[in-house]
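Each structure below is given as C-alpha cells.
The two complexes that follow have subunit A in common; it is paired with subunit B in the first and with subunit C in the second.
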Partner chain A sequence: MSLEPQEIVDLKSKIGREPTSTELQIVAAEWSEHCSYKSSKKHLKMLPMTGPLVISEKGYDSGVLDVGDGYVITAHIESHNHPSAVEPYGGAATGVGGVIRDILSAGTRPIAIFDGLRFGNIEKDPQARWLFKNAVTGIADYGNCLGIPTIGGEVEFDECYSNYALVDVAAVGFGKKENLIKNHANKGDLVVLMGGATGRDGIGGSQFASDSLESENRSAVQIPDPFIEKLIIEAILEARNHHLIKALKDLGGGGLSCALSETADTLGIGIEMDVDKVHTREPGMDPDEIMISESQERMLIITSKQKLKKLQEICKKFRIACSVIGHVTSGNLLHVKKGNKTFANISTEIVANAPLLDRTSKKPAYLETIQKEKKLRPISNFSKTMMALISSPNIASKIWVYGQYDHEVGIRTVVKPGQDASVLRLDNGKFLSVKIDGNPKHCYINPREGAIGCFEEACRNVVCTGARPIGMLDHLQFGNPENPEIFWTFLESLKGITDFAKYFKIPCIGGKVSLYNETPAGPIKPTPLIGVLGLIDKNSLISPKVEDEDCLIIIGDTKNELGGSEYYEYIHHFVGGNCPIVDFKESKRNMETVLHVIKKGIIKNAHDCSKGGLAVGAFELCMTNQIGCQISLDKVPGEKLDSDKILFSESHSRYLLVVEKKNFQKLETILQKNKVSYRMIGKFGGNKIQFNRGKKSLIDLSVDKAQKAWINSLRELVLNG
Partner chain B sequence: MNVGVVVFPGSNCDRDMFHVLTDVFNLNAQYFWHEKGLPNNIDAVILPGGFSYGDRLRAGVIAAHSPIIKDVQKMAEKGIPILGVCNGFQILVESGLLPGVLLKNNSLNFMCKWTNLVVENNSTPFTSQFKLNQKIPIPIANGEGRYFVDETTLKKLKKHNQIVFKYDKVVNGSSDRIAGVCNEDGNVVGMMPHPERAVESEINPIDNKPSSLIFESLLSTMGVKH
Partner chain C sequence: MATYTVHVTIENKPGISDPEGETILNDLVLKGSHKSVSKIKTAKMLKFTIKEKDKKTAGKKIQEICDELRIYNPMVSKVTIDVFD
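Right, the complex of A and B next:
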C-alpha cells in the first residue's frame, strides 16, 4: 500500500471518518501515480484534444476518430514496463491484453497492434538479450492467438535501460459509428463481471508500477491467457450487436477498485456490490484482495435486468464466466459488501479524483554542457563504418521480431511491417497508416526538441505512405517525478509535443504517462513515444519496384545535427553534440509537398531519413529493393559539412524520393514552386551502393553483402550473443 | 453452392475466409459453430485457421473432439470437398482425416512470412485449375507448422499422390518440404499456408492470381462459373 501520510490525512478529512482497510486499499490503488496521473494531470491539459474528426464520449479508455462513411477508428497506447522488467513474457503479453480491452471498451473490434520495445545493450548484456527475446515471444504468443495482426513498431537498445525494459503497446480498433458504446446507466441496472477468474495475481500492480523497480515483486505481475481474451472479444462484440451493453469498462490497473469507481464517477451513479459474487480462481480470497487484484481478461458490463438473460446465453456459448456482482444505485457511493457485512462505502468522486500534485521542476545540470561538440577521430574506411552501422542492433532490420508476429491476419495489411509506416485497408475504401516513434538519445540531449523530433519522424513515416496525419497518441515515459530535474524533462517534452500538435492541428486522441522508470542504477533517458495515425483517401501508395535509371532525390536540408545520432553514439561512443531541431515551417512545407507528389502519382517511393541519416536511409531503399545506387555527397543541400556529417546527420524534415527519369521534370517544377530545398543526388542501377564526394569514393559496398548483414545481424545476436 | 465455414472457440481466420468466399468469389457461405451439426445441403466445408482452444495441449487436438467433427467425417466419407487451412489442417490431422502430424517449426518460433508453394497434385477439388509444378506465392503464419510423417507413411503418400503442395525451399523443416496433403480419395485437403490472405491484389505484394485458383478449382469442381 502506497498512500503518502498527507494523502491519508486528506482522505480522512474528505470522508470525515477513519477509512476501513478495504477503503484504504481501494483508494491506494486508485490514487497511485499509475491510475491517477497525480503528477502529470494538471499539465496534460495543455495538449490539444479536439478536432473535426475527434469523437468524445464519456468513459472511453481509447480515442475515437471519425474516418467517414459511418465508420470510426479507435486507438490507444499503454505500457507494461515494470512487469516486463521482472517477467518479460507475461509482462509484455498482458500489456497487449490490456490495450486491446481498451479498444474493445468503446465497442470496436481491435484490428492492429503496434509495439515499441526498449532494452539495455544486447551486444554486451545477456540479461538484456533475455528480456528482449522473451518480451517479443510474449507479444507474439498473445497477439497471434487473438488473431489481431501486430503490424508495426520499433525496437531500440540503450545502456539506460539496463536491467529494465520499456514495453509499449498501441492498438487500433475499427467499427461502425452507430455501434460505439454510449456509456450510461440507470438505478437498478446490473453490474456484471465477465471473463477470467479473479485471482491473487497482480495484487497491487498499479502501485508496483508507481515506484522505482528495486526488488522483484512477482505477485504484482499478471498472468496472460490470450484464449480467454479472444473469447471475451467475440462475446462482447456479439453482445454489442444485440444492444445488451449499457456501459463497458476494462479491468486494468487497480482492478475492480478502479473500474467500479471510475465508471460510477463518470456516469454519476453509485454501485453496490458483493465480493462473494465475484468468481475467483481460489477460495478464501479476502475482500481487499478481490478489490485490487489485477487478474487479466476481465470486463465490467452494466446491463439492464431484461437483457441479462441474453448476455448470459452469449457468455455460455463462449464458455466464459459472467457474474452479476452488484447493481447501480442512486447517489455516488461505491458500497462493497461481503454478504451482509459492509467493507467499504465511499464516495466514488473521492476515490476517482486523487489530490493532484504540483511537482517542482528544475533544469538538469547536465544539459548545460551536453550539446558541446567534440573532436572525433576521422573515419579511415567509410565502407567499414557503414557495415558496422547497418549491422548494429538499432539499425539492423527487425525482421527477427516482426517475423514472429502474425501481421497478415485480418487481411487488411496493405503495407507490411519493415516499411516506413504500416498501412491497413478499411471497409470504406480508405486506408489507415500508423507509426510509432521514439528517440531517447535525442531526448536526453534536448528533451523538448527530441520529443518534437519523435513526433515529426512519426509524421514523416506516415506521410511517406501518402497519408495525412489525423491523430496522435503520446506515451510519456520518465523516471521519478519527485526529482525536479526529471520532472523538468517531462514538462519540456510535453510542451514540445503540444506546440507541434497545435501548429500541425493534429489532435492528441489518447496517451499514457509512465513515471518511476528507474532501477538502482538510475532513471531511464526521457522516452516520450509518439504514435501518429494518418488517413489515405482511396488510392494507396503501392510502391512499384525501383529500377535502373530511377533517380534519387533528397528533400530538406542536412545540418550539423549529430547529437544523439547512431553515428556519434554507436561508432564514436560519444554522447553529446547538437540535437536535431525541427523547423516547423520547413517541416510543414516538406510534408505537404511529399503528400502532393504522392497523390499526383509522380514518384515511385518515399522514404524518410532518420536513424543513421542519409546514408542509412539510402541503404535501406537499396536493400529492400535489391538494387544499387550511385550517390554524390556534393549535391546534398544544407550546410557545408564534413563527409561523415553529411552521411550520418539525423536532421529532421528530410525525405528520400525515388522518381522515374521521365517524371523528374514534373517533380522538379513542383518542388521549385513550393520552395522546397531539394537536389537529385543519385541514380539507381547495378548492384553496388556507392557514395562519392568529388572524385573520392567514400563507400562502395555490394547490395548483397549489405543486405545479408542488415537482415541477419539481429537474429544472430539474439541467438548466439 | 453453399460452403460451410466451421468456427471453433479461438478460430481467428473465419471472418477472413468468409469475406473471400462471399465478397471475392460470390459464394454462399455460412458459419457453423463447433457445437452445431452440419446440414445436408452443404457442398463444401472449410476449417479456417486460428488458435482453437488456445492451442492448448497441442494445436488442433481439442477441436478435433468437437461435436461438429463427426459431421465433417461423415461428409468426408461422402466425398464432399473439405479444406483445412493452418489450424484447420492441424485439426484434420488430429481428427485422423489426414495422415501425419504438425510439429513445432525448426526455428522453434512462430513464423509469419511469404513463401512459394509448388503444386504436386492437381486432381483435388482445390487444385484442379493448376498446372502441375505451378508456383503459388502465399503467406504462412504458424508456430506448429512443420508437417511430419515417417518414411513408410511418406512412401504411402507418394504412392497415392497425397502430397498436394510443397514449399519450393526448406521453410520450417517439414518432411519432404510438404506444405499440404490430401486423403487417399483426394477430397479432404489440408494446407499450412493461408490462401485467403493471398487472393486479393491489394494485400498480395507478389501475384494474387495463382492462389485464387484454389477457390476457382472449388468453383469448377462444383460446376459454378466464376
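Right, the complex of A and C next:
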C-alpha cells in the first residue's frame, strides 16, 4: 500500500472516522499517482481540449472526434511501462488489451493499434534485446488474435532505458455518432461485471506503477487472454446495438475500486455491491483482493432491470461470464459488502478526487551547460559514416517489428507501415492518418523545444499523407515527480505542447501521464510522446514509384541544430549541442503549402526530414523506391554550415518532395507565392546515391548495398546479437 | 560421468491465470461428457540429455542453464526440474 502518512490523516478527517482495511485499499489504489494524477492534474488543465470536432461526454475513457456524415472516431493512448519491464510479453500484450477496452467503452469498434517502444542499448545489452523481442511478440500475438491491425508506431533505443521498457500503446476506434454510449444511470439500475474471472494477478498494479521499479517489488504480472477480449468486443457491440448499456467502463489500473468509484462520482450516483457475487478464478479471495485485483479483460456495465435478461443472453451466446454484482443507489456512497457484512462504505467523491499536490519545480543544473557545442573529430569517409547510421538501431528499417504485426486485417489500411504515417479508409469516404512520435534525445537537451518538436514531427508525418491534423493525444513520461528538477522538465514539456496546440488549433483529445519511470541507473530522459490524428477529405497521397528524371525538392531551412541528433549521439557519442527549435510561423507556412500541393496532385511523394536529417531522409526515399539520386549540398537552403551539419542536422519543418520534371514549374509557382524557403537539390536516376559539395563527392553508395544494410540490420541484431 | 535425462517443466505460478488450460477444459473436455475433470493447467516441458558426474549436479547444471539463458521468466513461471537416470 502506498498512502502517505499525510494522506491517511486527510482521509480520516474527510470521512470523520477510522477507515476500514478495505477502504484503505480502495483509496490507496485510487489515490495512487497512476489513477489520480495527483501531481499533474492541476497543470494538465492548460491544454486546449475543445474544438469544433471534439465531442465530450462525461465518463469517456477515450477522446471522440466528429468526422462528418454521422460518424465519429475515438482515440486513446496508454502505457504499460512497469509491467513490461518485468514481463515484456504479458505486459505489452495487456497494454494493448487495456487501451482497446478504453476505445470500446465509448461504444466504438477498435480499428487500429499503434505502439511506441523504447528500450536500452540493444547493441550491447542482452537484457534490452530480450525485452524488445518479447514486447514485440506480445503486441503481435495480442493484436493479431483480435483481428485489429497494428499499423504504426516507433521504436527507439537509448541508454537511459537500460533495464527498463517504455511500452506505449494507442488505439483508434470508429463508429456511428448515434451509437455512442451516453453514460448515465438511475437508482435501482444493475451493476454488471462481465468478462474474465477476477484472480490474484496484478494485485496492486496501479500502486506498483507509481513506485520506482526495484527488483524486490515485482509482483504485479498480468496474463493476457486475447480470445476473451475478442468475445468482449463483439458482445459489447451487440449489446450496444440493442441499447442495453446505460453506462460502460473498462477495468484497468486499480480494478473494481477505481472503475466503481470513478463511475459513481462522474454519474453522481451511489453503488452498493457484494463481493460474493463477483466471479473469481480461485476460492478464498478476501474482499480487499477482489476490490483491487487487476485481472485483465473485464468490463463494468450499468443496465436496467428490464434489459438484464437480454444482456445475459448475449453474454451466454459469446460464452462470457457476467455477474450482477450490485445496484445503483441514490447518494454518492460506494458500499462494499460480503453477504450482509459491510466492508467499506465511503463517499465516492472522496475516493475519486485525491488531494492534489503542488510539486515544486527547479530548472535542472545540467541544462546550463548542455547546449555548449564541442569540437568533434572531422569525418574522413562520409560513405562509411552513412552506412553506420542507416544500419544503426534507431534509423534502420523497422520491418522486423511491423512485419510481425498483421497490419492489413480489417481491409481499411490504405497506406501501410514503413511510410511517414499510415492511412485508414473510413466508411464515409474520408481517410484517417495517424502517427505517434517522441524524441527523448531532443527533450533531454531542451524539454520544451524537444516536446514541441515531437508534436511538429507527428504533424509533419500526417501532413505528408495529405491529412490535416484534427486532434492530438499526449503521453507524458517522466521520472520521479518528487524530484523538483524532473518536475520542471515535465512542466516545460507540457507548456511547449500547449503553446503548439493552441497556435495550430489542434485540440488535445486524450492522454496519459506516466511518472516514476526510474531505472536502477536513475530517471529516464523526459519522454513526451505525441500522437496526431489527421483527416483527409478526398484522396490520400498514395505515392507512385519514383522514376528517372524526377526532381528532389527540399522545403524549409537547415540550421545548426544537431543537439540530440543521431549523428552526434551515435557517431560521436556526444550528448549536447543546440536542440532544434520550431519556428511556429515557418512551420505553419510549410505545412499548409505541402497540404496544398498534395491536394492539387502536383507532387509524387512527400517525406519529412527527422532522425538523421536530410541525408537519412533522402536515403529513405531512394531505398524504398530502389532508385539512385544525385544531390548537391550547395543548394540546400539555410545557414552556411559544414557538410556534416547540412547532412545530419535535425532541424524541423523540413520536407522532401518528389516531383515529375514537367510539374516542377507549377510547384515552384506555388512555393514562391507562399514565400516558402525551398530549392531543387537533386535528380533521381541510376543506382547510386551521391551527395556532392562543389566538385567534391562526399557520399557515393549503391542503392542495393544501402538498402540491404538498412532492411536487415535490426533483425540481425535482435536474432544474432 | 553418466548420462541423465532432465525434464524441465515451466508453468504459470499458482494464482496467475492460464487461458490455454482454461480453454481446453471448457471447450474440449467439459463439452464432452467428462464432468469429473475440474482443472487443466498447461505447461511447457524441455527434455535435456546431459553428461554429469551425478544426479544432483545434473539437476543443478540444468537449473543454471535455464536461469542464465532466460528459458523462463521467474516473475511469471514456476519451474520444476526432474532428473532421471
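The rule we apply is simple: the second predicted complex is superposed on the first by the 717 of 721 C-alpha atoms of A that agree within 3 Å, B and C clash if a C-alpha of one lies under 4 Å from a C-alpha of the other, contacts with A are read in each partner's own complex, and residues count from 1 in each chain.
One rule holds in what follows: a residue touches a chain if its C-beta (ideal position, glycine included) is under 8 Å from a C-beta of that chain, and two chains touch if they have at least 3 such contacts.
Treat the numbers as computed from the prediction; the structure is a model and nothing was measured.
Using the contact criterion defined above for the overlaid structures, shared-chain residue A:Ser295 touches subunit C, although it does not reach subunit B. In the superposition on chain A, A:His335 contacts neither subunit B nor subunit C. When both complexes are overlaid on chain A, the residue A:His279 reaches neither subunit B nor subunit C. Once the two complexes are laid over each other on the shared chain, residue contacts for A:Glu87 go to subunit C alone; subunit B is not touched. After overlaying the two complexes on the shared chain, residue contacts for A:Cys145 are found with subunit B alone; subunit C is out of touch. Within the superposed three-chain model, A:Ile223 lies in touch with subunit C and out of touch with subunit B [touch as defined at top]. Counting the residues of subunit A that each partner touches, subunit B and subunit C differ, and the larger count belongs to B.
225, 227, 319 are the residues of subunit A that lie in the contact sets of both subunit B and subunit C, per the superposition on chain A. The touching residues of subunit C, counted against subunit A in their complex, run 12, 15-19, 23, 26, 70, 73, 75-76.
Subunit B meets subunit A in the complex at residues 9-10, 12-13, 15-16, 19-20, 33, 49-51, 53-56, 109-113, 139, 141, 143, 194, 196-197, 200, 202-203, 205.
Across the interface of their complex, subunit C is touched by residues 86-87, 89-90, 130, 196-197, 199-201, 218, 221, 223-225, 227-228, 281-282, 295, 319 of subunit A. Across the complex, subunit B is touched by residues 137, 140-141, 144-147, 225-227, 230-231, 317-319, 402-414, 416, 425, 540 of subunit A.
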